[in-house]
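The structure is given below, and queries will be raised subsequently.
Chain lettering (A, B, C and D) follows the sequence in which the chains are written, and residue indices restart at 1 in each chain.
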Amino acid sequence: MEELIKRILSFRDQRDWKQFHTPENLSKSIMIEAAELLENFQWDNNFDKEKVMEELADIMIYCVLMADSVNVDIIKIMEDKLRKNSEKYPIEKAKGNSRKYTEF
Amino acid sequence: MEELIKRILSFRDQRDWKQFHTPENLSKSIMIEAAELLENFQWDNNFDKEKVMEELADIMIYCVLMADSVNVDIIKIMEDKLRKNSEKYPIEKAKGNSRKYTEF
Amino acid sequence: MEELIKRILSFRDQRDWKQFHTPENLSKSIMIEAAELLENFQWDNNFDKEKVMEELADIMIYCVLMADSVNVDIIKIMEDKLRKNSEKYPIEKAKGNSRKYTEF
Amino acid sequence: MEELIKRILSFRDQRDWKQFHTPENLSKSIMIEAAELLENFQWDNNFDKEKVMEELADIMIYCVLMADSVNVDIIKIMEDKLRKNSEKYPIEKAKGNSRKYTEF
């Protein structure tokens, strides 16, 4: 992953795109790619795996760029959030139900 | 990253949530989290870094779950997409401009 | 507006599309169109008014279809919500600031 | 509808909110509300009609504000788009299928 992150940042820098990559613009970009992913499921579940893979990759790449733009370690924030989620969703309460923790 | 992916999948399985995690539902979930991220930039740029970190992590965690649900290697699809993007956005054409490759 | 709503529903029925127009699918569709609108503002504010008009219209048309699919009067729900918002955002507190009512 | 549009704009002006209502900010706001609507369908179809009505109304109210911010007549752009859609989706080709017109 670390190697890949370096390559993503280098891809950006070679094109001199950092100037466009404000946290706000990247947040919009993640949103736009997330909608393109959702488009594969708009009317039914017969999705094209190839397209899904590409859109999912686009979202992740923008997430890596976003993490860099706000200067956080993307692995670390995922670890932290997973720990928080474990507390918000204790196994005994969350098991087998999809309710939000505020509705337990 | 591999270690983290394992912990995310184990978090899901301990709660017996795989039954809810269809590709479609995860795609909606990514979208919903992406909007929560965007909410930090709705009216201005004075964002709360802590909140931004949490929402960004939520998106990434759902992306990891999505990759598992369609049975793809998340690192590999990012590498593949980065390669494609390098072809779609050759440095000499893309440098310093934010246009879509279809508008070169 | 009433005349227009009738024509939108008739457009749908002539194409036998009601079968696809579940509340869930329409909710995804609104989202997807909203992202296409946002794409006009992804990197800067030099938007193409023609495109913005079309995407905005698409969202509204899906909203009309959504209202029909859950069997509500779209004008009435807007009136009701405007009344609620007036209570949540009293003029003296809300004037000139963009904070959410939960943060007053 | 015209009466309602006036009340929406007056609601905004009494709070001196026009300064926040750039087309870009309203586009983000429509997106954020669209995601709140989608949240009602995140894991299943057992939605709360009351909440769906409120979120749908929020989207429509922001659309009215957006139309004002780019200075277009919201009824007229819907009529124009419906006409375009009728050409893109001729009844004989579109009847009973949910494919995009680009895939006919």
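Here is the rule we go by: contacts are C-beta pairs under 8 Å (C-beta built on N, C-alpha and C of every residue); 3 or more make two chains touch, one makes a residue touch a chain.
For each chain, UniProt lists the protein as follows: A, B, C, D = MazG-like family protein.
Please read all numbers here as calculations on a predicted model, not as lab measurements.
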Ranking B-C and B-D by C-beta pairs in contact puts on top B-D
Interface composition of copies chain A (MazG-like family protein) and chain B (MazG-like family protein): same or different, split at half: same
Any idea how many Å lie between the Cα centroids of chain B (MazG-like family protein) and chain D (MazG-like family protein)? 26
Taking the mean of the CA coordinates per chain, how far is chain A (MazG-like family protein) from chain B (MazG-like family protein) in Å? 2
Taking each residue of chain A (MazG-like family protein) in turn, which ones touch at least two of the other chains? 20, 28, 31, 34-35, 38, 41-43, 98
Residue numbers of chain D (MazG-like family protein) touching chain B (MazG-like family protein) in their complex, please. 20, 25, 28-29, 31-32, 34-36, 38-39, 41-43
Counting only contacts in the complex, chain C (MazG-like family protein) reaches chain D (MazG-like family protein) at residues 1, 4, 7-8, 11, 14-17, 19-20, 22-24, 27-28, 30-31, 34-35, 37-38, 40-41, 45, 47, 49, 52-54, 56-61, 63-64, 66-67, 70, 72, 74-75, 77-82, 84-86, 89, 91, 94-96, 98
Complex contact set, residues of chain A (MazG-like family protein) against chain D (MazG-like family protein): 28, 31, 42-44, 98
